[in-house]
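Chains here go by letter, A, B, C and D, matching the order in which they are written, and residues are numbered from 1 within each.
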Amino acid sequence: MSAVAPDSGYTTGELQTIVAARSLAGKRSCFIGVGRPSTAALLARIVHNPKLVLVYESGTIGAKPHRVPLSIGDGELAQTADLVVSVPEMFNYWIGPGQVQVAFLGAAQVDRHANLNSTVIGDYDHPRTRLPGAGGAPEIATGCAEVVVIAPHGRRTFVERLDFMTTRGERTTLVITDLGVLEPRDGELTLTTLHPGVTVEQVQEATGWDLRVADQIAVSPQPSERELAALRELVNR
Amino acid sequence: MAELVSLQEAVAAVVKDGDSVALEGFTHLIPFAAGHELLRQGRRELELIRMTPDLLYDQMIGVGAARKLVFSYGGNPGVGSLHRFRDAIEHGWPGPLEVEEHSHAGMANRYVAGASKLPFMVMRGYSGTDLVAHTNVRQIACPFTGELLTAVPALNPDVAIVHAQEADRDGNVQLWGIPGVQKEAVLAADRSLVTVERIVERLEPRPGGVVIPGWVIDYVAHAPGGSQPSYALGITERDNDFYREWDVISRDREQFQVWMQAHVLGGEGA
Amino acid sequence: MAELVSLQEAVAAVVKDGDSVALEGFTHLIPFAAGHELLRQGRRELELIRMTPDLLYDQMIGVGAARKLVFSYGGNPGVGSLHRFRDAIEHGWPGPLEVEEHSHAGMANRYVAGASKLPFMVMRGYSGTDLVAHTNVRQIACPFTGELLTAVPALNPDVAIVHAQEADRDGNVQLWGIPGVQKEAVLAADRSLVTVERIVERLEPRPGGVVIPGWVIDYVAHAPGGSQPSYALGITERDNDFYREWDVISRDREQFQVWMQAHVLGGEGA
Amino acid sequence: MSAVAPDSGYTTGELQTIVAARSLAGKRSCFIGVGRPSTAALLARIVHNPKLVLVYESGTIGAKPHRVPLSIGDGELAQTADLVVSVPEMFNYWIGPGQVQVAFLGAAQVDRHANLNSTVIGDYDHPRTRLPGAGGAPEIATGCAEVVVIAPHGRRTFVERLDFMTTRGERTTLVITDLGVLEPRDGELTLTTLHPGVTVEQVQEATGWDLRVADQIAVSPQPSERELAALRELVNR
């Protein structure tokens, strides 16, 4: 994921983060977890959308962290938030009724309908790998109007059949990977955008089902100098 | 009315073998000191309840104190796996661990039902996921619209333990920062213990302050630094480095046991 | 994102004839200025929703602006009757008033359901009382225990209007003191207006502060003193004498009309 | 109600308030509305029980008002409370689950089972007198462990049959009137205590049903000088 893309001055991970950040231009509010989604949302506030409201499931609404937080409950999130609510209030008044517009989610497995597995690999009662579990994802994915999935593109992740259906994919609008972008077309994820230097065949090869490809395929714009500089400054804070 | 006692006395008074115990705190204010004291006192066969098991329950599971785990997210936030939690579920080490899992929204509403002394709460969620077949939720029809919703059963733990910034001498408690489900856990439980960073003469109202009156709490114990490596906003800082180190310490069974003996089981108060 | 506009513009933008309108504020922060402006603009056929109708709805009912009243306690707190409310129900003056009444717990949970965008909420209450036969609640069985509970239907008013101490220029609002059901009313409504005592550069977090972000509010209007004779804690005081005087003013239809013409309908902003 | 009791230096209303205050000795917390219940509870804090927690349905828990508040939402209640909660939290977390021990309630009509009417006199759809309605009473009366009803003793109030059943009486432990005290015996209100100078016949005359009388009738102790002085000082604040 952090391999350097051919003939470029950035890693594929950096590009994925930058593309995710771009998707938040013009959005009002975004629900984010830790890791790359958090980095992307902070980058969006710097480059595209300074008014973007960041919501973390710990209860911090309108958090303005200077550094990328390690956990969703870091002190800086509470200290910079417009309001801090209890976990029941977060889910009942903010997430469930759709007050938060966009959600960034990750997952260990994604299927062609953008359903997600973050529970187990293998059988539920005798799992090969026990994953962390649902967390807030199931209700976030059905509460927010738009869901953006951020995941590494490979056959372990993009699978024909989920080992466990943790989270429903019907509100997913974008799946942003390190190879390109998939979007639902008639309910099935379809390759619509390639990152620079990536081929359709590469993406199909990295997908565990017979991936649909849009008639017109776009290519993600290269990271701008501003985007790259802002991202690198951000992660080094 | 809450009694102000030592941590050892408080834990001995509230937790028995076999109890269902909720040590809550959503990333913030996790009651590590109380959890460690409970392990030093040798409690076993516990039903551990917590939305986010975190390092504390990884430790409690790893030493074999738990019979069952009720939870909604079992990860090391921002770092990765909880290795003792995984080892227990994947390999039954150090013993079998029964699991009852929910989503965060489900667990939060189960605490709301518990605090309200209602048998269930209604929400949208679970439907269409594989969780339905593996946990204890039911479908319920809205008597006005016919819409099918999800009912989650109340959580009323035998014991709730939470950590807060301060208490006065009457056992009134104030916490601030991320409030999680602590108030609900205390109100839902049969018995409760709040550990605090400091005892003050008078609680000064603060922005974001959540006050839990002493008359709904059984015991308050002074435990400065009692949520480390988690934190108490304004008093201690989250030890993010330790969260990363835990990934190494906990990966290996033996290394875990040595660490626990040195830092928890043989530690102060043993 | 909330627009900052004048009270006249805001009221004209959010309330139409025939709307269901909740002007909330539990004793504290009752939005009198907005209610009066709505009367000056001649709104009629309103479904007025409020837990405690208080003097404001007594006035609105008395001038004939209401088609229906949804409420849980129609008294002048500590003083006695609301005479215009009584006259409307007992004698149909100035016109017939449809009534839908609940208990406080029922209304509060109806707002909770509304804010949660759930069709109903579950509670214990109503059963065994005569209210069941005269209002819109249903029995519901707990799918886990079989216990029969009460379901109350969600309240999602067309419009919610509340008053608060302050807003910033982005329309983020902060209120403190008795918070009532204002947050729930704003989140439950299709359209919302918050009137405020003052506009500030930055909301400073306060003890007991309830913040409603501007992006869930449609309009914010500056209306200093806008909750008098109710009050805004820390800024204005409750005019208890006026609450007592109202008992006299409102007792007689003609005296009421003269007072309303002089103090509300012909007043500023007309 | 505020007539001077024969051969005494106090009014029957004062005595009623003082008897109500005495009932709060040794109690942990009390839910109160405005008027006489509020005065009685404040008096109890002065004379019998300085630690008594006062709870008003406006959301103020542990309020310590210096003056008797006119409304249940006066500013002093919020300013002196240990915590102030929203109305939904008040009913769902505090009243409903029984966290508040005692409730003081009033009513326009009381029947022999201590059921209360505060909704209408006459027919519901065409009432002779429209009363304020339920407010918090129904759930307070089934949530709190002990309910104390405070009402003026007369045939308009103590009726054979309620015009409307607003609030169930099964948790009522005391009915304190200006003539005496009734307590449930096998589910029916029974006269157990007379105020000084009042006869059983007077109470029966003022009750709209054939009132049961306990075998042993107590007499309320006269107001002490301390009680009377504290009450008068309180209402003059």
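To be clear about the criterion, a residue touches a chain if its C-beta (ideal position, glycine included) is under 8 Å from a C-beta of that chain, and two chains touch if they have at least 3 such contacts.
Here the structure is a predicted model, which is why all the values come from computation and not from measurement.
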Open item on the list: By that same contact rule, can you tell me which chains touch chain B and chain D alike?
Closed with: C
- [ ] Give the chain pair, either A-C or C-D, that is connected by more C-beta contacts.
- [x] C-D
- [ ] Would you kindly tell me how far, in whole Å, the mean C-alpha position of chain B lies from that of chain A?
- [x] 28
Open item on the list: Using Cα averages as centroids, what's the distance between chain A and chain C in whole Å?
Closed with: 41
Task: Two or more partner chains touched - positions in chain D - done: 92, 96
- [ ] Name the residues of chain C that each touch 2 or more other chains.
- [x] 112, 118, 123-124, 183-184, 208
Open item on the list: Building nodes from the protein chains and edges from chain pairs that touch, which of line, ring, star, complete or other describes the result?
Closed with: other
TODO: Any two chains that touch count here, so list every such pair.
DONE: A-B, A-C, B-C, B-D, C-D
TODO: Please give the residue numbers of chain C that touch chain A in the complex, ascending.
DONE: 1, 112, 115-118, 172, 183-184, 187, 203, 211-213, 215-216
- [ ] Would you tell me which residues of chain D are touching chain B in their complex?
- [x] 28-29, 53, 61-62, 82-83, 92-93, 96-99
- [ ] Note which residues of chain C are touching chain B in the complex, please.
- [x] 118-124, 136, 138-140, 142-145, 147, 149, 151, 153, 205-209
Open item on the list: Which residues of chain A touch chain B once you look at their complex with the stated criterion?
Closed with: 34-35, 57-60, 69-75, 77-79, 84-88, 90-92, 95-96, 119, 124, 127-139, 142-143, 164-168
Open item on the list: Per the contact definition, I'd like the list of chain C residues that touch chain D in the complex.
Closed with: 26-28, 51-52, 71-75, 77-79, 81-82, 85-86, 89-90, 101-105, 108-109, 111-112, 123-126, 128-131, 134, 177-181, 183-184, 208, 231, 233, 237-238, 240, 243
